[in-house]
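Next up: the structures, one after another.
Here come two complexes built around chain A, the first alongside chain B, the second alongside chain C.
Entry: the complex of A and B
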């Protein structure tokens, strides 16, 4: 029943998407409002239909319907309820349907929220979102169907089909339950609840700005309408992708047990690539809105971002790259590749067509190297260069060498560690300087003056890092540059609040909140800059100054690393957890300056029922802002466990990465929150001339 | 029902600046591109690793060169010294292109004629995925002694990633799981 319901709802959603796309296109040709409304209603219907499909799959997972092959494949009777929920995206078929569900939710939201304001763009928005959705649903229906069930044929062979075939009988439910596969142990982690949905929201969310960009190109409404309509959608996609990336890192750090969080793996990079172009886009749209410049460039960035999203999906889901994060080699590779190629060609073709017709001319020109628009251009160039460098390292070089030389050349971590740091550093320099420069022309003198206080603040941070962290002069200099990008954002906010405090006599709290309320976009942006600086310091510290050691310890013995002492206290072998896994746990105490500061439990989990990989080395860490003391249980004496071997890492400043990510979310929420118009009007009316220091 | 303005709206005439190419910016841009292009090129030259099969490694002139190889792990050959974090194991040759990875790995491990290569890894905790019939993607150098000294080990167990067809156990209660 659930399988039929889910399949039929998915199929209806597919038909509705196709109908909506076709009807939206036809409504433009015949200029008929009623047809467009019909298209809209069909597009809106995809969301409830896919909610039913996903609901059916979820109920099947929760109620252990093992006849459904997907349920059999990702759960077993020992799977806790919590992981039954996350199993929805635990393998290819479920996650593809989930992906389509998110896409229809975004389309649903955009059609409701932007319908009145952007009617002219809407037929094309429906066309592009629904064509994309129909494509992804076709993958679910024809290649990776999560509703297929197992049937036993008269000749005793097992086949998969949604509906019962002639003479087929369902397998005995006891046998199905006994043989069920269970969720991949790697996916049994807290991060797996939020990491994939956020990553998908980030990926899929870019469909809205992309569809609006395409709508602007197709309809000829090339004003800033499409940018205004999509600013919040872009931010929502961007922050989801950012968080998805960081949480993916956190998952790797907690589960993969190699002491790091970012490995420059092709799949990680595939998710990072759209982020780079999306971030460049978020910056450069500001220039178009304020100065009427870079119209073609902004279009190009948005088309590139979504193209990178589809390419990343193709790379991750087709088996193109070998990675610990990738899905199975799958039949959906070819359809995805052709979709990516077709979509990119059509969008670039449309853009070139409008460009050649001279409809995307800029209204102003660049004035001086230090003007804000010039620095934004530089920022965009660096983002795009990072994109090219990372794309080349992950996909370009292997594909190019394969095509041209007949042999595959891959570029390892060394390549990324050599090429990307100067570019990241350049981004931090620009992040520090650009907010201080003015539109039009800025003098070096003015910039220098504005940098004095932030530089002093950055120097204080560097001093603090020098006292608490291992660091060489060059590293301290880089810390300084990164810190400066944060202190500029901080100082600009403080300066704005101080101006209100002085001129309007407001209390500090009121001055600060009123300042942010007056220009949420700007101050949300500053908080994001600050968060990226914090994240950057964390990434640098943990990358450059990680310390590690390994030692076999008898019970009572200790090892020392970076000012910490770790004592091996004992061993708990063969502990059986609720989900049936068997845990071997080492008990260790961490001491600092002779004081016991933490009890850690690094362990090895054994999954007796899992196929393929069945052990997981789970680290345990004592976390402070200064560093993480991260312990892996490597081995132990099987009989007595009198001695055990540990690998221990000290990861300096790594927690700044997670804290930075949290601030980033807060900054984005502030930036997305609608402007408080009445307050703005009152504030302006009150003392317009005295607010110069707190300029919006 | 609100009617849609199908015609292109009459926008206020936009101030469009005409003018030639802004040469100083263009030159700056080209210089920047050349600089970064050089960086990428240099990174490519120093970071490039041939991705080859065991057969290609042993038949070519690769001794001492950093390469990336792929092979099937032979479970019974895995030796692990946890005190010194040394892992030794053998891999069997598999073709670089394969459609059904699980089957290819199974056949490679069970084929007595498949080329085998000894692998030595230092200072690494034994990965959870290092087991029989896993695909190992190794970065390292082939020593003059015929042993591959790997510095980076990436492992893949196809059954983890690919949907396992239910074995006959579903249909036949007598069959083992």
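Entry: the complex of A and C
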């Protein structure tokens, strides 16, 4: 029943998406508003339909319907309820349906919220979003169907099909439950409830600004309407992707057991690539709004961002480049590749067509190389250079060398740490300088003067780091550059509040809140800059000054690392958890200056029923703002457990990464928060008329 | 009996002396030395698992990788430098086991290409902007930070409206 319900709802959503796309296109051809309304309603219907499909799959997971192949594959009777929920996106078929569900939710929201203001763009927005949705639903229906069930045929062969085939009988429930796979051990982590949904929201969310950009190109409304309509959608997608990336790092830190949070794995990079172009877009778009410049460039960036999303999806899900994430190889590689190629080609063609017609001419030109717009251009170029370097390392070089030279190569951390640091440093320099420059023309003298206080503040931070952290002069200089990007944001905010405090006599708190409320976008942006600076300091410290050692200790013996002492106290072997995994746990005590500061329990989990990777090394850490003392249980004497081998890391400043991410969310919420109502009313009044030329 | 005992003791002393000399000579010839886990990990960190791609040897949990780590330990204990151990692995498994290829052509291709491509982007951007400046948009009035131009979007909206009117007029 659940399988039929889910499948039918998915199929209806697929038909609705196709109908909406076709009808939206036709409504423009015949200029009939009623047809457009019909297209809109069909597009809106995809969301409730896919909610039903996802609901059906979720109920099947929770109620242990093992006849459904997907349920059998990702859960077993020992799976806790929490992981039954996360199993919804725990493998290819479920995650694809979930992806489509999120896409339909974004389309639903955009159609409802932007319908009145952007009616001329809407037919094309429907066309692009629904064609993309229909494509992904076709993958769910024809290649990776999560509702297929197991059937035993009269000749005793087992087949998968949604509906019962002639003479087929379902396998015995008990037998199915006994043999069920269970969730991939890698995915049994609390972060799995938020990491994949946020990453998908980040990926899928860019469909809205992309569809609006293409709608602007298709309709000829090349004003800033599409930018205004999509600013918050872009920010929502961007912050989701940012958080998805950071939480992915946290998951790797907690689960993969290698002491780090970013491994330059191709799939991590595949998610980072659209983030780079999306971030460039968020900056560049300000120039078009303020100065009427970079129209083609903004279109190109948005097109590139969504193209990178689809390419990343293709690379991840097709197994194009192997990695720990490529758990979901299947037959969808070719369809995804053709979709990516077709979508990118059509979009580039449309952009070039408008460009050649001269409809995307900029209204101003760059005057001074130190003006804010010039620095934004530099910022964009650095983002694109980073994109190229990371794309080349992750996909370009391995594919090129294999196809052209017949040699398989891996470009790993070595490559990325040689190529990207100068570019990241350049970005932090620009982050520090650009907010202080003025639109139009800025003099070096004026810029230098504005940098004095932030530089002093940055120097204080560097001094603090030099006192508390191991650091060499070059590292301190880099810390300083990163800190400057944050202190500029901080100082600009303080300066604004101080001006209100002085001129209006407001209290400091009122002055600060009023300042932020008057220009949420700017001060939300500053908070984001501050958060990126904090995150950058954490990333640099944990990367440059990580210490590690591996020792075998007998019970009662200790090791020393970075001022800490770790004593091996004992071993608890063969502990069985509620979900059936067997845990071997070491007990250690961490001391500093002769004082006990923490009891840690690093462990090894064994999943008896899991296929493939069935052992997980789970670290245990003592965290402070200064550093993490992070312990892994590597091995132990199997019979007596009198000795065990530990790998111990000290990760300086790593917790700044997580705190930085939290600030980033707050900054984005401030930036996204709607302006005061009068301003909205004015903006609405300035919108163009409804569907041009439509029959009433 | 006494003589027999003396002979036996002499033989024992000679035997012990000979074995000590032999053991000492063997010990001098044996280049193996104890290698710490940290030394093994330092080399393994630079090697990628030849089976599970994109996972470094020091973190890979498979049995094969555990054996390869022991091989690293053996090679180091035999007096090989970390570079020689890496070369040994590259010779057997190819450039895929290192984070940046050792082969000069592949290494150059890997490291230079992103900068070449970035250079092309910079060049392209410079050409576009130089051409763009030469052809010119509307000249820019001087603006200060306090007064960012708000007229750009209004102007583009006017242009857009004018085009809609023209489109409509053409269809009437």
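Observations
The definition used in the following text is that the second predicted complex is superposed on the first by the 670 of 696 C-alpha atoms of A that agree within 3 Å, B and C clash if a C-alpha of one lies under 4 Å from a C-alpha of the other, contacts with A are read in each partner's own complex, and residues count from 1 in each chain.
The definition used in the following text is that contacts are C-beta pairs under 8 Å (C-beta built on N, C-alpha and C of every residue); 3 or more make two chains touch, one makes a residue touch a chain.
Predicted model only: the values in this text are computed from it and were never measured.
After superposition on chain A, the partners chain B and chain C are seen to clash. When the two complexes are overlaid on their common chain A, residue A:158 makes contact with chain B while staying clear of chain C. Touch criterion met: A:266 reaches chain C, while chain B stays clear of it. In the superposed model, A:524 makes contact with neither chain B nor chain C. When the two complexes are overlaid on their common chain A, residue A:197 makes contact with neither chain B nor chain C.
Of the two partner chains, chain B and chain C are each touched by A:292. Shared-chain residue A:541: touches no atom of chain B or chain C. Once the two complexes are laid over each other on the shared chain, residue contacts for A:90 go to neither chain B nor chain C. In the superposed model, A:182 makes contact with neither chain B nor chain C. Once chain A of one complex is fitted onto chain A of the other, the partner contacts of A:438 are limited to chain C, with no touch recorded for chain B.
Within the three-chain superposition, the chain C stretch that clashes with chain B turns out to be 58-66, the only such case among 4-12, 58-66 or 76-84.
Taken together, the two complexes place residues 220-221, 223, 257-258, 292, 322-324, 361-366, 377, 381, 385, 388-389, 392-393, 397, 407-415, 418-419, 550, 552, 613, 615, 617, 645, 647 of chain A in contact with chain B and also with chain C. On chain A, the positions that touch chain B within their shared complex are 28, 31, 33, 36-37, 69, 72-73, 91-93, 116, 119-120, 122, 150, 152, 156-158, 171-172, 175-176, 178-179, 181, 184, 186, 219-221, 223, 257-258, 292, 322-324, 326-329, 361-366, 369, 374, 377, 381, 385, 388-389, 392-393, 397-398, 407-416, 418-419, 422-423, 550, 552, 611-613, 615-617, 632, 634-635, 645, 647.
Within the complex, the chain A residues that touch chain C are 220-225, 228, 256-258, 263, 265-266, 288-293, 321-324, 361-367, 372, 377, 381, 384-385, 388-389, 392-393, 396-397, 400-401, 405, 407-415, 418-419, 437-442, 548-552, 613, 615, 617, 645, 647, 686, 688-689, 692-693. Taken in their complex, chain C has these residues touching chain A: 36-38, 41, 46, 48, 52-56, 58-59, 61, 94-101, 103, 106, 109-111, 113-115, 117-118, 121-122, 125, 129, 132-133, 136-150, 152-157, 159-161, 163-164, 167-168, 171. Residues of chain B that touch chain A in their complex: 1-6, 8-9, 11, 14-17, 19, 22, 25, 28-29, 32-33, 36, 39-40, 42-44, 46-52, 68, 70, 80, 82-83, 85, 96, 99, 101, 123, 125-126, 128-129, 131, 135, 137, 139, 152, 154, 156-173, 177.
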